[in-house]
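What follows is a group of structures, each given as structure tokens.
Two complexes are shown next, each including chain A; its partner changes from chain B in the first to chain C in the second.
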Partner chain A sequence: MRNNTSDMPYPESSTLYRLKTRLVPWLFLAPFLVLTCTFFVYPFLNAVALAFRQTNGPASNVFVGWDNFRFVLTDPDFHTAVKNTTVYALASVFVQLPLSLGLAMLLNAGRSRVKNLFRLVLFSPHLVGQIFVGILFAVLFMPRYGMFNRFIQALTGWGLEQRWLSTPALVMPALIITSMWLYVGFNMIYFLAALQNVDQNLVEAARIDGAGPWAEFVHIILPAIKPVAVFVVVLSTIGSYQLFELPYALLQGFGPKNAGLTIVGYLYRTAFDSGDLGTGAAIGWLLALIIMTISIVQIRVAKAMGGEA
Partner chain B sequence: MNSLHWSLILLACIFVVLYGLFPRNRAIAFTYLRYVVLGIAAWIMLAPFAWLICSVIKDKDVLMTYTFLPPIREWSRETLNLDNFRALFAGEQSLRGTVYFWQYIVNSLFLACTMTMVQLFFSSLGGYALAKYDFKGRTWLMFYMLGTRMVPGLLLLAPVYKMMFNFGWMDTYWALIVPGAANVFGMFLFRQAMLNTPDSLIEAARIDGCGEFSIYYTVVMPLVRPMTGAFCLVTFMGSWNSFLGPQIYLQSKAKLTLPVILNQYVGVYQQQYGVFLAGTLLAIIPPAILFFALQREFVAGLSSGAVKG
Partner chain C sequence: MSFPYGKAPLALLTVAIVTGAILAATRGRQSAYEPDLVFMIFAPNHVEAYEEVVAEFEREHGVDVDIQLVSSRALTSRLQAALMTGAPVPDLVEILNGTMGYYTRGPLQDVGFVDLTDRLHDEGLYDRIVESRFSLWSSRGRVFALPHDVHPVMLCYRRDLVEELGIDVSTLTTWDEFARVGREITTDLDGDGNPDRYMLDLNHGGGMLPTLLLQRGVGLFDADGNVAFDVPEAADVIMWHIRQTRGPGRITFEAGWGQGLTKTMIDGLCLFYFCPDWRTKQFEMDIAALDGKLALMPLPAWEAGARRTSTWGGTGLCITKACRNQELAWALAKKLYFDKDELGARFKASNIIPPFQDAWNLPEFQEQRPFFSNQPVGALFAALAPSTPPDYASPYLSLARTKLSEAFLNAVDRFEKHGEDGLREYTISELKRCADYVRRVSERNVFLREEMEARP
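Take a look at the complex of A and B:
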């Protein structure tokens, strides 16, 4: 028998054993601690300092007080960026997510093998990175040649020559369509998981009591999936406000008249194309502020709505 | 009227027929309608992929002529060939000699594999320390980790960029691999999975004289296999598709990754969509293969918690 105390390499009473058990977890965490201090704590503090400095490339800088923030907040391009990003976020929440939920409900009623197949197909766009989706859709949206215009043409007899990506008013719709293709299936997975936990007895009871499909949806399904729905809405909003790669590849830049400029696009252009890292840090803070505020408001609203029901 | 209209009309007619045929059981008609809607959604998701594959094997002379493939009687070397791939792999001049496309594939593969391995090791090691050791400061550490998740990564972009410049890590892979080597998301994931592994197994190994690191490596890691698969998949895809990091840190052509170079190709091959679309198709394939290979582990990792007795 080996499990007897005298055979143990380090008896529990020995100093060596105690020192060892105390050190081991910190040793295992050491890589994380070193990395997080270097690449999180320090840059985080540095982001505060940097936001108040004017920089020209990474090498030189001067203290300028609130000038960076003042510049950004009065820059019409920043206003355009905030407007575009907000339109995109609203479309994500009010067009894309209901569509995801609708598909999830259609799918949830089906048989499980069919369900798995459709789930895989609808999820598949999410395997493709934003940049590759952007490149692909840049060609799909081309006038004459692009599949999208040909499809619209076949359906309505009009639209073959439409220049989606070089007409300022059509840039956002094109971007939203692209992002719907990419994310509808992904968000559907969350809703599908939530729908599978809806109490079927409750649904049955409502049907026996003569509740129509709409009443069933509003009074039974919606409350049941609310926690997941709030989670998806908050996550989707946070993601929307950090949008950059998709429009950057789709429009090969920021689009005509900055029609596809997002907040992160504006940050990228300021910090890395123009080399103004200080202003870049200031934009980073403003972005963090926007995201925090919206998330908190969303969660508050969700709680308040839960109180009524 | 074209074939698209006719097929839509046909689908609608079948619904009307089913609706009229089974007045007692309207569910049949609505089940049919559900599958039609799901089918259309699936078609929309898959059509860009189908279109992409068709586009890259078409010759550039007929690229614009057909939306998908030319009719079978016109199939020949002149209409369908691999010229796009030949042009893609031909190599191009740069300041430091010719760069071939396979170089970018190798770069992307190398980076994605290295980052996956490194993150897997450090994150699981940290997660193990958090899950299986009771030490002073553990709760505080976890609070700190949660706090770091609240800060949008983009806020740190400018200060980290400045640091990389000071480290002399510009135009090296260090700037991409090191900062995220031990990430909070992975540590929480592994902690959660490892909480479920039985303590008795670890105790038994310890009594048998197994070192602390060997316990982690040979006892605990094999038990969290499904989570490992899921984590590798997510990390590999994240790295393979990442654009912003490589775009701002890498400069010399021979070091670029697929998302960066393909985004540049959109501008370079303006009249030859086929060439960069061929590259995009190749860039989509590896994550797809990995997803289908690890799909079972991925699903198992997501629904983990059910531990075999």
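Take a look at the complex of A and C:
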């Protein structure tokens, strides 16, 4: 290894050398520190302060204490938003992810050429983005002319004029169906990667010992993919609680009787429709708290069930 | 020559210097161009319409005006953020109906737009403009934008089918009469259990309620910014709406927008469609197949002899306080909105009725349009324009619309379970509950509250 110090024009004991060795690391760290302080630390501290204020531009700024939090926590619309978001998150975890895993297992069992093609096909909806998918599905859910209603009518002879997006009870199912098309393939990629890393010796040993497909899945595959599964569950939950663009594009707003109102949608409505940035900041902190709590619980539960999380 | 800290830091430093130099060079070039006025617009057809007028204005005044087209959502969010933070804003900007409340939610002196009230009165313009249109752009009696349009609402109908069915539209003078005829013609023609002909295209979620309520004289807010939709008249409109959209007496289909609407119109699934002036141009451009088959009629009234129109949408032109040459901006605003010679051609290109009444007698407004069965589209809308209702701005407009829809849908639930028994009382109580919610939210606004309390 080359010793750079020997090339130095001044001795190690000199003040210039000591200054240089102390300053240089900071010099190289400076861009990162400046950017972090400007775009993360300062906004973070500002957002904390903002949650306790009512503002109207830089000129008007009033401290309101806990009033923003008090209002949000007692607001029935916030309760609706939390309920809707939680239902969506539960559907993501208990409907969408099992489907992703099922598809991944099917693909994992297939031939490699077919596997690659289907992987691309199933993943591709994720490439187009939530706004595009929202607009596309708004057309598919149209009464009378929409593909869904045509399909349902062809099967059952009923439902041609079903108003998916303007009937409160049907809004969440429509949203879940749309998000499944968007995310099932995306999460499948994680599961597929995990399945490809399962030790085949263990699988073969289990088969030799007479394990059936279900026992093989429960006792070999599931424990092997558990770290990835926990990661996907946590990621999916966080993503679900941050949901905004998809319902906003699909419903052109938040749906009848706020049936498509999510927590971020509620934040947007408060902060950017009504201009109450202080209450918006308070909602943001409450959302952060909810996500943090749920993520910690999920990780702890996974740990308690054994294995790394 | 070797760099003392290795290759990676050298590469980083090189990239930083090169990109810094490029940025500095291009920024220098950008800042060299400084127009006298920057005018931001969200509607592409407005840009086309203004180009010639602006070029003429530039020649007349020896100035340079930079017109920038920005999508409406981007313009709204950028302008909101820039005005909040004191970042650079355009000199003139056209904003969309419903967004003004956001900019006027604080003390009047904090509004980022120039107060145009005195200029309008001093120059005798105020009385020449449809007065109700100032409601969209005012706060606490002060006007912060010039109204671009009136947007009166009529009904557009499939004239060929309506005549075939023997309906005389001149007899459809009230909504009750309209509904009665609607029940006669709403039919399942092929016996598959689904009607194949409806009387009216109407949003079943209550999306058209604000427009219908305005026609009835009920705004979501009053001139002082107070929540105003929990009145018995609103309950009556909701009851009517429910009867037409639900149950055995249903006469409406929700065609929606875009392809769905086009297909519905071409198929003749609905006979009548709500049609503000701007929509007539959309129909002309998008549904060529219906050339000569459509016609317009005033909205049926809520009571015999009452108002035959409403209003739907709007655009306003603001001059920002940051504008360095406000007199020049005012001169351009007047040239764009109040130059009678320009307004005729602009109407022809857009079918939008300007609020400047002097223009309505121009030949372009009297012209018969073959697409609309040779009706004089301009004259028809202009005749209704003076009776368009005021539609007051508020920062809580979007919330109020949501809550109105909630009251409506709760009334729908009640109707589906119990019919009309006790429905009116229930609707009134729901309207009150929802209006109280909007009041509770708006009363949290300390800036408006302080100003209201300070009033004599």
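Just so we're on the same page, the second predicted complex is superposed on the first by the 270 of 309 C-alpha atoms of A that agree within 3 Å, B and C clash if a C-alpha of one lies under 4 Å from a C-alpha of the other, contacts with A are read in each partner's own complex, and residues count from 1 in each chain.
Criterion: a residue touches a chain if its C-beta (ideal position, glycine included) is under 8 Å from a C-beta of that chain, and two chains touch if they have at least 3 such contacts.
A quick note: this is a predicted structure, and the numbers were derived from the prediction, not measured.
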item: Which superposed partner A:82 touches (first chain B, second chain C, both, neither); value: neither
item: Contacts of A:185 with chain B and chain C, given as first, second, both or neither; value: first
item: Touched partner set for A:145, first chain B, second chain C, both or neither; value: both
item: Chain B versus chain C as contact partner of A:104, first or second or both or neither; value: neither
item: First (chain B), second (chain C), both or neither touched by A:232; value: neither
item: Touching partner for A:272 - first (chain B), second (chain C), both, neither; value: both
item: First, second, both or neither for A:220, with chain B first and chain C second; value: neither
item: Dominant toucher of chain A (residue count), chain B or chain C; value: B
item: First, second, both or neither for A:28, with chain B first and chain C second; value: both
item: Touching both chain B and chain C, residues of chain A; value: 7, 24, 28, 31, 55, 58-59, 139, 142, 144-145, 272, 277
item: Residue ranges of chain C touching chain A (in the complex, touch as defined); value: 4-5, 9, 12, 16, 77, 80, 83-86, 101-102, 105-107, 109-110, 112, 194, 203-206, 253-254, 256, 258-260, 263-264, 269, 395-396, 398-399, 402, 405-406, 409-410, 437, 441, 444-447
item: Contact footprint of chain A on chain B as seen in their complex; value: 2, 4-5, 31, 34-35, 37-38, 41-42, 44-49, 51-52, 55, 63-64, 67, 122, 125-126, 128-130, 133, 135, 138, 141, 148, 150-152, 154-163, 165-166, 178-182, 184, 187, 204, 207-209, 212, 216, 237, 240-244, 248, 259, 262-263, 266-267, 273, 276-277, 280, 283-284, 287-288, 291
item: Touching residues (chain side chain A, partner chain B) in the complex; value: 2-3, 7-9, 20-22, 24-26, 28-29, 31-32, 35-36, 38-40, 42-44, 46-47, 50, 55, 58-59, 103, 106-107, 109-110, 118, 121-122, 124-125, 127-132, 134-140, 142, 144-145, 147, 150-151, 154-155, 181, 184-185, 238, 242, 244-245, 248-249, 252, 264, 267-268, 271-272, 277-278, 280-281, 284-285, 287-288, 291-292
item: Footprint of chain C on chain A - complex, ascending; value: 4, 7, 24, 28, 31, 54-60, 62, 64, 67, 71, 76-77, 139, 142-146, 160-161, 163, 166, 168, 253-254, 256-258, 269, 272-277, 279
